[in-house]
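Chains here go by letter, A, B, C and D, matching the order in which they are written, and residues are numbered from 1 within each.
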Amino acid sequence: MPIIDMRQITKRFPGVVANDKVDFQVEKQEIHCLLGENGSGKTTLMNVLFGLYHPEEGEIYVKGEKVRISNPNDAYKLGIGMVHQHFMLVNQMTVLENIILGNECGSFFLDRKESEAAVRDLITRFNFKLDLNQKIADLSVGMKQRVEIVKTLYRGADIIILDEPTAVLTPQEVADLFVILHQLRRDGKTIIFITHKLNETMEMSDSVTVLRKGVKVADLKTRDVNQNDLAAHMVGRQVEHIVSDSVESYGEVVLSIKDLVLNDKTRIPVNLSVRAGEILGIAGVEGNGQQELEELIIGTMPVRSGKIEINGQDITSKPVKDRKDLGIGYIPADRHKNAILSNFSIIENYLLGYHKDKDYIKNGFIDFRKLESDADRFVTEFNAKVADIGDPISSLSGGNQQKIVLSREVSHDPILVIAAQPVRGLDIGAIEFIHKTLLRLRHEKKAILLISAELSEVMNLSDRIAVLYEGQVSAEFPRGKYNQEQIGLFMAGRTEKEVEV
Amino acid sequence: GCGSSAPTTPTAGPTTPSQSQTAAPKDFKAGIIFTEAGLGGQSFNDLAFEGVKKAAADLGIKYDYVEPKSVSDEAIVQEDMASSGEYDIIICVGAEQIDALKMVAANYPEQKFALIDANLELPNVACYTSKEQEGSFMAGALAALIKQEKATDKVGDGKTVGVMVGVNNPLLNRFVAGYTAGAKYINPELEVLVDYVGGFGDPTTAKNIATTFNSKGADVIFHAAGASGMGLFQAAQEKGFVAIGVNLNQNGVAPDNIVASMMKRVDSSAYNAIETTLNGEFKAGLKVMGLADEGVGLNMEGSNIKLPESVTKKLDEIKELVVSGKLVIPAAIEEVNPFLEANKK
Amino acid sequence: MSETAKKRSKLKALSALGDFGSSLLSVSIALVLGAVIILVIGEDPIEAYTALLQGALGNARSIANTFSKSIPLAFTGLAVAMANRGGMLNIGAEGQLHAGAMASVLVALALPGLPVAVLLPLCIITGVAAGMLVGFIPGYFKAKKQTSEVIVAIMLNYIVTLFMSFLVNGPFKAEGSVSQTNAISEGLMLTKLVGNSQLTTALFILLAVAAAQYIFLWKSAAGFQLRAVGSNPSASVSAGMNAKKLMIFAMALSGGIASLAGVTEVMGKYGRYIEGFSPSFGFTGIAVAILGRNHPGGVLLTSLLFGILDTGALRMGRVTNVSANIIVVMQSLVILLVSAPEIAKLIRRRSR
Amino acid sequence: MELFSRMITLTLQLSVPLVLGAMCGTIAERGGIILLGVEGLMLLGAFTGVLGSHLSGNAYVGLLFSIVGGGIFGYLYTLFCLKLKAHQSVVGVGVNMFASGITAVLLKVFWNREGMSDPVASIPNVTVPVISEIPVIGMLFKDQSPYLYLMILIVATVWVVFYRTKVGLRYRAIGEQPFAVQTSGINVNKYRYVAMVFAGVVAGVGGSFLSLSQNNLFVMDMTAGRGFMGLAANIFGGWNPIGSFLAGMVFAVAQTIRFYASDIKIPIQFIQMMPYLLTLFILLFVGKKAKGPEALGKLVK
């Protein structure tokens, strides 16, 4: 008997059938992947199970009994917990406070001691490394996720839903998460794991359900399938695997970073350079200076010490706009925060960063004719699914938003493209497209700085790789020199000498 | 009921021949336009309104009134009333209506207007102003005399009295000037504390000013601060000092502590405007209501503080000096010192 | 391309119409509630509302007055909307309009010899400059010190009005018992558009400013930047905008627009600065801006609604015994109900 | 010394409405509701207090009225903000206007008077016998309004509830990340309603302090900007009960100086400006980050 049995679930939103008569069964104590492209209805289905959405049709059985789940409280009573795609944590509060929120010890007064004891019990049992008194705002993404998991455990969940938990994690963190999930399963918990990453599905799940456009297309045992099968189910076609080819000649140095200090504590200088026609990949566990590197080059963070040059021109103390005008295309890691005006139209989003350019601005006014025709062209060229370029960009899915950002940043003939985590949270199709675009740009002799926590992405695309560790470059080498394990060691702070021995 | 009972008592001004009204035409209608400050808080708007209401009761006339929300509304209402032709007299309260009335009254030469608290020379406008400084001078003198004669055990040996007014403007500074002059006229050594509440609807601040004054030694305090003044009376009762009321007889609010009220008979001005128009005796031009005309003056009725004859006699003497024109009371603070220099005893 | 553009504008127009419909419904509810209050105090609501409509729209003069009353509210509404678009709440329009009014009058008084064609623009420009200065301060504090612009502006409202009170009772006091400056020359005042009404060429200034604001915000590069910073400062900074400068700019601009409420009042209606001439135009402007969806067109419509209520109230107060305070209550109900879009939805749902 | 003690007493009195106004703001805004309507809520409290005292003849019944009335108005305020999804800043402007108008209308209804009520029974100041004789601290117990102690009690209670209880933890979380709290199975809106009722109560008490303790009647618009100052104190105090308390005290000290400075020979307007100028200078030199609760104004379903 499946522990979760959802039958014929249908959930409609205005204009979309998000779940169309979906059957979904999960066995006790398994890790069950829910696989599907963006917008295929995975989150919707799980929100139904967690009581956040109410389906138009269908029934839910938990542990054999028919249930009505009308809110998250009901779900918790049935032992169902959920870790959302966007974390539901209170940044200003401590880890402990976040975990106990809603289920605190004490009758009226908060019994901190007892709560802490209860949580501590839990984290030692599962071997979580968490400082209960740290503020959430100071935690890394991986840590935050751990807090989310502890939260569900603390509420007594034995069925834990994780919505795209690895989308924002570094390889190390992903590995750590898998260890935790396996441990949880050993302890009798059931895990539902939403993802669109095939390798992860293969690596850690027991069974897989695939959704496509709101319809369930497959129920599989992981051991019976391979990645290609899964991809075919998911996308409905075979998928390419994009790897860079080798290039014989590079152009001049475009970006040159001299003695730049990323980490104010260690103050170890960093030297890097990117040549025209070259992709320099920056690998490393997130939080090791990537953010600073990105911001120091683009100019949103002032340079304390060191020098940055573009085509030999010192830009160290130039304002952002002047730098961008030299020909920098910039895809920031946090696109919602740094690259998008969400309630502005798609057209207007194409103006962001070009709000002073002669192409679009005539006598201080916006040349909408030119802007709209460019927007139309970019949207088509980049294959973004857009109903109307006058719609707010927030009406697009993340993948399509990223395509808008990418097309904006690379279509103005930049000499340097900084792409930070460019495919984070995107599905296979979109990733394919973005990777192809980066390679195309490289052929067009652009210099590309690719910052990514996704090691395979860096290894597949880069001509050279630099690994960041605690604000310094722990290794720099041409592609192919080291394998994944070795690079993993650099990411942990080992030097080339240590690794070669 | 204390302050509230007062408005029902005022006998309409001295010019009330009460026989003439018997044949009041049923359709006589007055319009009254208040200042932007509106009714409430025992301001001159309220006083004028009392006069109109009394006229309605005595003379059987009808009236409409408007409380404008801004100064510019006053012109709209004046124009609207005048153009309607419904009103036998339109009474405008407050000097801030002068600019608008200058235009409107000129445009409607047949329409009769009364302007209260300001002067405008037009053939169809009857104007009434008061000499607040004269009444306030009496209040100041009273304050000084109470202290000098130890008229009540609520005052001490200190040499300080106080006055607070609603805001710092020329009209209210007449009260300040008159009071200061009056107090120092009696006793040049008195110190007169002055403060401005900052509004007419803030009794709390008024009370704090009063207690602060009192802690600095002031034990007779006068106000011209509308409803804020209620805070003064509250403080007077709590701290046990003497207060002087304003505009209408406020003595009943705290009869043990309010020794007198400085009356300003705006009500009789309004009454007079209606009555003369009704009787066909409307006369344009300015009527100044001073001590001489009983337009301002002290009222001790209803106070439980009984003044010794030494005080009342002296007050009568001073009043005589003012009425006869021997003392010309300063209407601005700058004029107080020259006045005192000139009238050194 | 132009096809989709047309469709787009049609859709926008439709949704605007829907918004307008809900607002009208809310206004009606407010009027019904007002009618109940009027009944309770023993007056006839029909008579009262007839008077209100007549007073506001009964003849050319009252229509003109209605427009004239909506002008200062439209200016403060535009001002608050401008700041809102830049991500700032300008609660200081009251202080800004007082500063503007005083500055323009003082220039007029100081330079009586200049020809009107020179002096009038000079007065307006000085007034706007003064408003911009007062608006600049909270913007500057916010940008440089991260102090809440709300608290700074509240303090400035008190400081500016007290300072104006000082000027008008001290150095620039006119003869007489009113706290006001001397009158400026009559020729300098804004020209009346309808005889015996208060509608002046201020209307044209307003329409020009509203149009300019629309064009600025949605058609100009600077306006785009201002809205961008207001909507997502960090993305704007990453795109090379100077967020701090733009914040200050938005507040200064807002202050300048707010000042026009004061400038056009004193130059159009009074011919002098009078203490307390503004019945909280600045605060009501917040409601006007938000009810007008921070859009110049919406602001103009909303202010007109307020103008109708204000002007009509005068007649209603005169011919009935409905006091000014009841009108204040009704206006506040209009503000409250129009600000609550759900009310219209709730009612539609019920009636289905 | 005598002067000093009087100044202290005055400062304490002045602080009561400011601190309570600030507390009202703190309670509401920590849960994510923008409260520009403190002024109006206080005015309504001042009115209901006097009404209660008038109807019953007992000032303490008046206080009770202001408490209950404040709670009801706090509830209605929230109804607009949450159920009717009104723009919260506009609700503030609207409520301030409504309070001013409706109290004036009701003055006419209950007392048939314009602008102010008849005097009613008021709550006298108290002097705690023995303790008031102790030097220095004695001042705190000599001739003080009972509201002062009520205020301290409220500040302490809010602090304890915020930082020492379960509901406080949840409520503070609501102001930062209501969705997170909601997914923990907590009814966010219920918490907001309850908190806003308390915010209304605090405003009501602050209002009736003016009408029943400082005075013995209601005067139109008698709050005279104290609600706005309270709101400023709340922001200045960092949306925190102790901060609000201290900020309210700072403002009160500034006002006390204003009363004692009125004999200095400078124009009165500059003296009246002092509290506001002082606040600006503190902001300029001390600097105070304008970081409010993250979810201010955000609604959940």
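The rule we apply is simple: a residue touches a chain if its C-beta (ideal position, glycine included) is under 8 Å from a C-beta of that chain, and two chains touch if they have at least 3 such contacts.
Quick caveat, the model's predicted, so the values are computed rather than measured.
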| item | value |
| --- | --- |
| Contact-richer chain pair [C-D vs B-D] | C-D |
| Farthest chain (mean CA position) relative to chain A | B |
| Chain C-chain D separation of Cα centroids, rounded to whole Å | 29 |
| Centroid distance [mean C-alpha coordinates] between chain C and chain B, Å | 36 |
| Averaged-CA centre spacing for the pair chain D and chain A, given as whole angstrom | 46 |
| Residues of chain C touching at least two other chains | 165, 169, 323 |
| Residues of chain D touching at least two other chains | 104, 267, 269, 272 |
| Touching chain combinations (by label order) | A-C, A-D, B-C, B-D, C-D |
| Residues of chain B touching chain D in the complex | 1-2, 4, 38-42, 46, 49, 168, 193-196, 198-199, 201-205, 207-209, 211-212, 215-216, 226-228, 230-231, 234, 238, 253 |
| Chain D - residues contacting chain A, complex | 164-170, 172-173, 176-177, 179-186, 294 |
| For the chain C and chain D complex, residues of the former touching the latter | 37, 41, 89, 91, 141-142, 145-152, 154-156, 158-159, 162-163, 165-166, 169-170, 283-284, 286-287, 290-291, 323, 325-333, 335-336, 339-343, 346 |
| Contacting residues of chain B [partner chain C, same complex] | 31, 36, 38-39, 64-73, 75-77, 79-81, 83, 94-96, 98-99, 107, 117-118, 167-171, 174 |
| Chain D contact footprint on chain A (complex, rising order) | 52, 71-73, 76, 82, 84, 87-93, 97-98, 100-104, 106, 108-110, 151, 155 |
